[in-house]
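Note that the chains take the letters A, B, C and D in the order they are written out, and that residue 1 is the start of every chain.
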Amino acid sequence: MLEVTPGWYMTLAAALFVLGLTGVLVRRNALVMFMSVELMLNAVNLTFVAAGRAAGVLDGQVAVFFVLVVAAAEVVVGLAIIVAIFRRRETASVDELAALRG
Amino acid sequence: MLTLLVLTPLLGAVVISLVPARRRELQLPLGIALSAAPLGVAGAVFVSFEKGEGSFQMVEKMVWWEPWGISWHLGVDGISLGLVALTTLLFPLSLAASDAITHRRKAFVMAMLVLETGLIGTFLALDLVLFFVFFEVILVPMYLIIGIWGGERRVYAAVKFFIYTAVGSALLLAAIIALAVMHASQSVEGALSFDYLALLDLEISSTAQMWLFGAFALAFAIKVPLFPFHTWLPDAHVEAPTAGSVLLAGVLLKLGTYGLLRFNLTLFPEATVSLVPVLAVLAVVGIIYGAVVAIVQPDLKKLVAYSSVSHLGFVVLGIFALTSAGLQGAVIQNVNHGLTTGALFLLVGMLYDRRHTKKIADFGGLASRVPMMAGFFLFMAFASIGLPGLNGFVGEFLVLVGSFPSLPAYAVVAAFGVVLAAIYMLWAYQRVFTGPLTGMANRKLVDLSPKETAILSPLAALVLLLGLYPGILLDRTAPSVEAILDRIEQTTDYQVPSPGRLEDVFASGSGDGEG
Amino acid sequence: MSPGAFPDVAWAGLAPELVMVLGAVVLLLLDVQVKPGVKVLWRSASAIMVIALALGIWQWIVTEPGGELAFGGMLILDPAAAFARLVVLVVSILAISAGRSLFVQLGNRAAEGLALVLLASAGFVLMAASQNLVMMFLGLEMGSISLYILAGITGDGVRSDEAALKYLLLGAVASAVFIYGVALVFAGTGSLGLVAIGGFLAQYLVLSPAVLLIGIGLITVGLCFKVAAAPFHVWAPDVYQGAPAGIVGYMAAVAKVGGFAALARVLLSGFGTFRADWALVVAAIAALSMMVGAVMAIISTDIRRLLAYSGVAHAGFILTGLASGAPGSPSVWFYLAVYTVQLVAAFSVISAVGGAASSGSALSDYRGLYRRSPFLAIALSVSLLGMAGLPLTTGFVAKLGVFLQAWQHGLQWLVVVAVLASAMAIYLYLRVIVTMYMHSPTTDDPVGSDRPTFWALGFATAVTVVLGVFPQPLLKLVESAIYL
Amino acid sequence: MIELPTEALWLVIAFPLGGALLLHFAGRWLGEPLAGYLASAASLAALAVAAVAAVPFFTGEGHPSQSLLWEWMPAVGASFEISWDPLSALMTLVVTGVGSLIHIYSVGYMHGDPRFARFFTYLNLFTASMLTLVLAGNYAMLFVGWELVGLCSYLLISFWFTRPSAASAGKKAFVVNRIGDFGFLIALMLIFSTFGTLSYTGVFDRAAQELSGWAPTIIGLMLAAGAVGKSAQIPLYVWLPDAMEGPTPVSALIHAATMVTAGVYVIARSAPIFELAPVASGVVAAVGAITALWAATIAIGQSDIKRVLAYSTISQLGYMFLAVGATAYVAGVFHLMTHAFFKALLFLAAGSVIHAMGGRQDMEEMGGLRKAMPVTFVTMGVGVVAIAGIPPLAGFWSKDEILSVVFNQGGWYTALWLIGLITALLTAFYMFRQFVMVFLGKPRWPEGVTPHESPRSMTVPLVILAILSVAGGLVNTPFRLGLEHFLEPSFEGVRLGHPPEGVGLVLVLAALAVGAGVVGAAMAFFAYHRPPEAWRRFQSGFGKLWGWWENAYGVDDAYGAMLVTPGRRLSEQTAFGVDMKVVDGAVNGVAWLVQATGRLIRPAQSGLVRQYGLWFGLGLVALLIWILVRGVA
């Protein structure tokens, strides 16, 4: 039977991370972009867990909690800002936010 | 004593800053008085200077930051002595000639005094970082003087001046750092040092010498300015107020030639010897080019500015002649040019104050209306042309005769600059001062006031004194110059040419002179 | 340590941060319960900062050269951390002094703003003191999230919202990249503590360094984003331009301190043995930052964007020191200390001229500033000349130090690039000075500055000049702020 | 008899110099005529000192000596040192003697000029400068005098500077001289790099052993270049005719008697170098001969009284060049001296005429002045006869000696001799032409002009100079070589050119020279002692040639078209084309390049978050690739 080594998990995590990053780059809606960032962070979590498991230490699993908390905090702030912008401009598309440039 | 000399003007600036702004009438006279103080100190330095001594005198050294090997290290030798004296002399005179500055006068006087500290400091610094600090700091007051009190295109000129020089000195800083690091790797303790005297003992590979020489030379070439780095100069001169022009031409440009002489020749002797042709070509091109361009300048100030390019070419040629006469000529020509060109700028300024124009075409036949002014102008013009008996000749002659044995072809071409000098100066004089008096405005001109005469007279007296008895300076510079040449001879296989059959001169010289 | 026992916490060592965090909480509670005036809140926040600074100085004095681990190895209290704390606190105090009018304008949100400043400062100090990479991430986020909110705190401007969103979005991506790098390093070495990582790397030959190298790369990129080094700097001009004037200087300064402290700690104490590998990368980023920053700043017409791009160039200069390895860290700290003070001073002037809550500051608004307010013009000029690295300002000493280090450690080419970039940079600072002194103003209205701004600017100006001439005290101070 | 030590000779320079200084500062206060008297006294005092100091040479007991005044530029062996030998003594005497007379003359001539005192300041300064030149003990100090006389020449030519032509002529003189000085400077450089010194003794004592091959030739040619400028020889003579813009005493003193002979003096002084350089000597001789003929033909066509004399001076200087080029140094110096007498006389007499004619200089407006100005008439007559080379007047002796020495050189010098002979004929022709046009015939004065004899202060110098012109030649006749003997110490060790040995040949040569003079004089007399219409017919008989002479062969225009205009255009193109556009353009181009780079990458800063993300991502990927490639490799 095929053994699923930590390497598999980490490869999957890498794929997820790239997917998330691509999402940030291709999606216009700020909300979706945030979701993509969440995907990146989840990829990180998967890596942490896999690596922690491989190394036989708990640090990886512990780190995941912190990352989750941070992700939550980021989303809270992000949503607040997006809501504020949506109220003013009735759009959540980041492509319409280009007053600052040059 | 030297610390005192450097700091006196700065103290003066502090004193001026304490004068209430509403006491406007006090600012200028006080500034003149305060700038006379360093002149006094410089006089004392000059008098107590030991004549036969080639090394640094009155050395003062205080450690500034040990780990980096930086110290407040001052000293004077025959090469800096004359320039320091010139600096301290020109400041009171140019301040006295600044009546026309009415706008923000206090700031002007302060800027001038700060500038003086910077200039004196640059000439006396024996620590490369200290030198660099002064070298750069000078830019600020000069920049303000041009940019605030200058003519119509003052901002453009000021920024060009600042940027051009700053860019030039950027690589200088890198090269200075390289030297200090080199010291760390060569000294027993592995300590960094920016001390000039310590850096003299470095053993620098030929390649490194080339690079470092290049970095130093670029900074100084821009300051001199050597062709083709000269275009900031006419702009700066045209826009600068009289005092600014006087000091720019009189002293600031000398930082370049001083730097070449002080640092390039001694720190990188090998590179010096092998790069002589490059510098000599630039110098000679500058001599001819500056003169050719000066001939048709429609603006009197620009004409004098281009004449500086030509004159300083002689200085550089003298430096890279690497002969005793050439170097002495360079040193004394530094001072001479400061006196004569300073005086010419003062005169143009006085003319400008009266007529508010510097265009040659606006004048004509002034000599019959303002004979004293015309007389001084002609005197200084002839000094600048290199009339024997006046100071300009001493420098040019020493340079030409001194550079012939080592650089015959260059010396011959340079000598032609003497012809061109007569053309542009006398033609300008002819158009401005002789012929029938033209124009209503010119008819109302007033001749020099006693004060203006008093400003110009010391310069005229020095022009004559140095022309007839340059020994007053040469006696003091000769040992220092010999020391530099000795150093070059010891560290390279260069031999200062000694008199001999012309066939040998041409065989060993780098060119094949005329005929 | 038996289970259940309270971990060994170096309370004293963390006293300044505790004061700041608790102070933030107290401020918020006070605001809810007592509803004091803005002035009272501002004074309280200032008092908290000053107390924290006093404690910070005390901690600096008692810190041992080697430092000590605290919070079970999460943090390291060494001179570098202590110095970072001093810089952050001084900058914070200057910023809230000069930014008083912003908090006044925030009205009932002033407490939030002040609390966020306290939290952000605490966060970046923790980041600088982190020995554990996850802890570093937490400090980073604590500081960054506070800054995201501060960027949009006025809530009444299109541009400030945009700035906040851009900062947040890109910052979140950068954070993700950073923490992914941490995860990869963890995967490669099996530990999160930098000391342990360093030990591991010194001890074992890493057979497949790819994962580790990518990890290091990602961490570096994440932190380079925070310090706005090219090519990860694109957010900075927009954010600096859009965020409220009263707080931009602070945002820029503390993020740089935290970011560089973390970068230095990661690269020097964690991956010091890998210097041969990362030095060139860092040097390349440094060179690119210096050139791009200088060139872009030259064509900027908004003074904030100009300062942002110049900040990119400065990041390059600091990275130059960092690339020199551990011996370069004192020069990095000197640079950071003097640059952040200049930066805060410059933005304080912008805030005074354009209004504390304003977004965007066209260069043309500074025409003839000298006539409208000589004090502000001089203060800005001194800061700018300091940034330009003109001799007799701290900027020169800082640059000299960095260049010396780089030259000594084999990065001669980088020094050449750096001196050329700094020569170019002079032009852009000169442009501002020319505008202030040599152009006539469009309006003759005098510009005022309140008393705290006056003192803050006075202090910054004095520091820039006095330490520029006699930098020995500060040089001595940073000598021990070295990463081993 | 008082023995004056060489150490005291600085007084010779100091008197006129002191006079100049005094007049410079107090001239206006002293006023007319005191300033003039003072200046004359200064000049006379110098003459007195020089005369006393020269006594030992006359008695044959004197030896050349040097006295150091002070070190000037030790690095190039330049000092202020006075060298006192027969040659400098002779020059000093000529300068102070003729100079004093011209000073006195000027008191009358410059009467009423608003800048009376200033004129004498310059005159005194000139005397001091010229004395510096001739008394110098080394080439550097000689160059001081050399240039200072140029300065004075400049100042005095453009003395009436409100006239544009005067201002322009002064500048032209200085600039053209500078071109010659360029050569002179090179000569000094060559000398210094060979000998390590510039002092005469140092150079001449070692000349034979240090100079070899082409070295002496090139030094000689370069010295000659300087001399060509100062002594107005082809191709640099063009400044001298224009120099006539100056007051006439100036023309007499500077542009006839003294300054312009400095070139001859320098070559004579450098005889030990030319001794080693026969080619250089030959060039000098050829230049001199051609100039003599060239200028003489031009002189024929001039109608301005002073221009005739100016071209005559150029021509006579050509004789002197011919002499020194033929190593007849003594003859050259001899002609220098006699020429100083009679040419100063001619100029002063012309000045007297101009004075009488109310400033008019056109000879066509003169005529018949014989009766109105008897003294001037007689004295000028003496001068004309002297210059025409008619015995026993001064000009005959010197010119004859030159021609016979040149003839004796043989070879191609014979051709030069022939040129000299033709020139002698032409000289007599144009001088008599002038004399006839001015003094004889019927008056052609314009209305309102009533010529009168000049005041005593002007006529007395005329008379004295006339006497000198008559008797001056007697110092060196084939019967008694007084001057040659006198100058012997100065030319010790130098082979001097000599006239042929045989008495018969000498007499034939002399007869030919005299014959040429007489023929020329007679031709002039017959052609011009007639009504103006007749001369015009005579002149038109020459066809185009006359036009060329009148127009001085158009050399000025040619120089203008070939040198001045292109030079100016070059300068303009350099200044406004190269300098502004290329050199400064490059500087501004660098600045533009930086900005252009900025504008090029500015679009990256689009303000679009996703694009920012893209840059971030690209940077990240690039970095990772680099790390991996490096790490794995």
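Assume a residue touches a chain if its C-beta (ideal position, glycine included) is under 8 Å from a C-beta of that chain, and two chains touch if they have at least 3 such contacts.
These numbers were taken from a predicted model, which means no experiment stands behind them.
Relative to the centroid of all protein Cα atoms, the closest per-chain Cα centroid is that of B.
Distance between chain B and chain C, defined via averaged C-alpha coordinates, is recorded as 44 Å.
Centre-to-centre, using mean CA coordinates, chain C is 78 Å away from chain D.
Taking each chain's centre as the mean of its C-alpha atoms, chain A lies 65 Å from chain B. Centre-to-centre spacing of chain B and chain D amounts to 36 Å, using the average Cα coordinate of each chain. In chain B, 163 are the positions where the chain touches two or more neighbouring chains simultaneously. Residue numbers of chain C whose C-beta contacts span two or more other chains: 165-166, 169, 173, 177, 237-238, 424, 427. Shown for chain D are the residues in touch with two or more other chains, namely 591, 602, 605, 607, 609, 613.
By the definition of touch given earlier, these chain pairs are in contact: A-C, A-D, B-C, B-D, C-D. If you check the complex, the residues on chain C that touch chain B are 385, 390-392, 396, 400-401, 403-404, 407-408, 412, 415-416, 419-420, 422-424, 426-427, 430-431, 434, 437-439, 471-472, 475, 479. For chain C in complex with chain D, the residues that touch the partner chain are 165-166, 169-170, 173-174, 177, 209-210, 213-214, 216-218, 220-221, 225, 231-232, 234-235, 237-238, 277, 280-281, 284, 292, 295-296, 298-299, 424, 427.
Listed in rising order, the residues of chain B touching chain D in the complex are 160, 163-164, 227-228, 230-232, 289, 292-293, 295-297, 324-325, 328-329, 365, 367-368, 382, 387-389, 393-394, 397-398, 400-402, 404-405, 408, 411-412, 415-416, 418-419, 422-423, 426-427, 429-430, 433-437, 468-471, 474, 478, 497-503, 505, 514-515. On the side of chain D, the complex with chain B involves touching residues 70-76, 78, 80, 140, 143-144, 146-148, 151, 154, 158, 161-164, 166-168, 170-171, 174-175, 178-179, 181-182, 185-186, 188-190, 192-198, 210-215, 218, 221, 568, 570-572, 574-576, 579, 583-584, 586-587, 591.
By the touch criterion given at the top, residues 64-65, 67-68, 129, 132-134, 136-137, 139-140, 143-144, 147-148, 154-155, 158-159, 162-163, 166-167, 169-171, 173-174, 177-178, 180-181, 184, 192 of chain B touch chain C in their complex.
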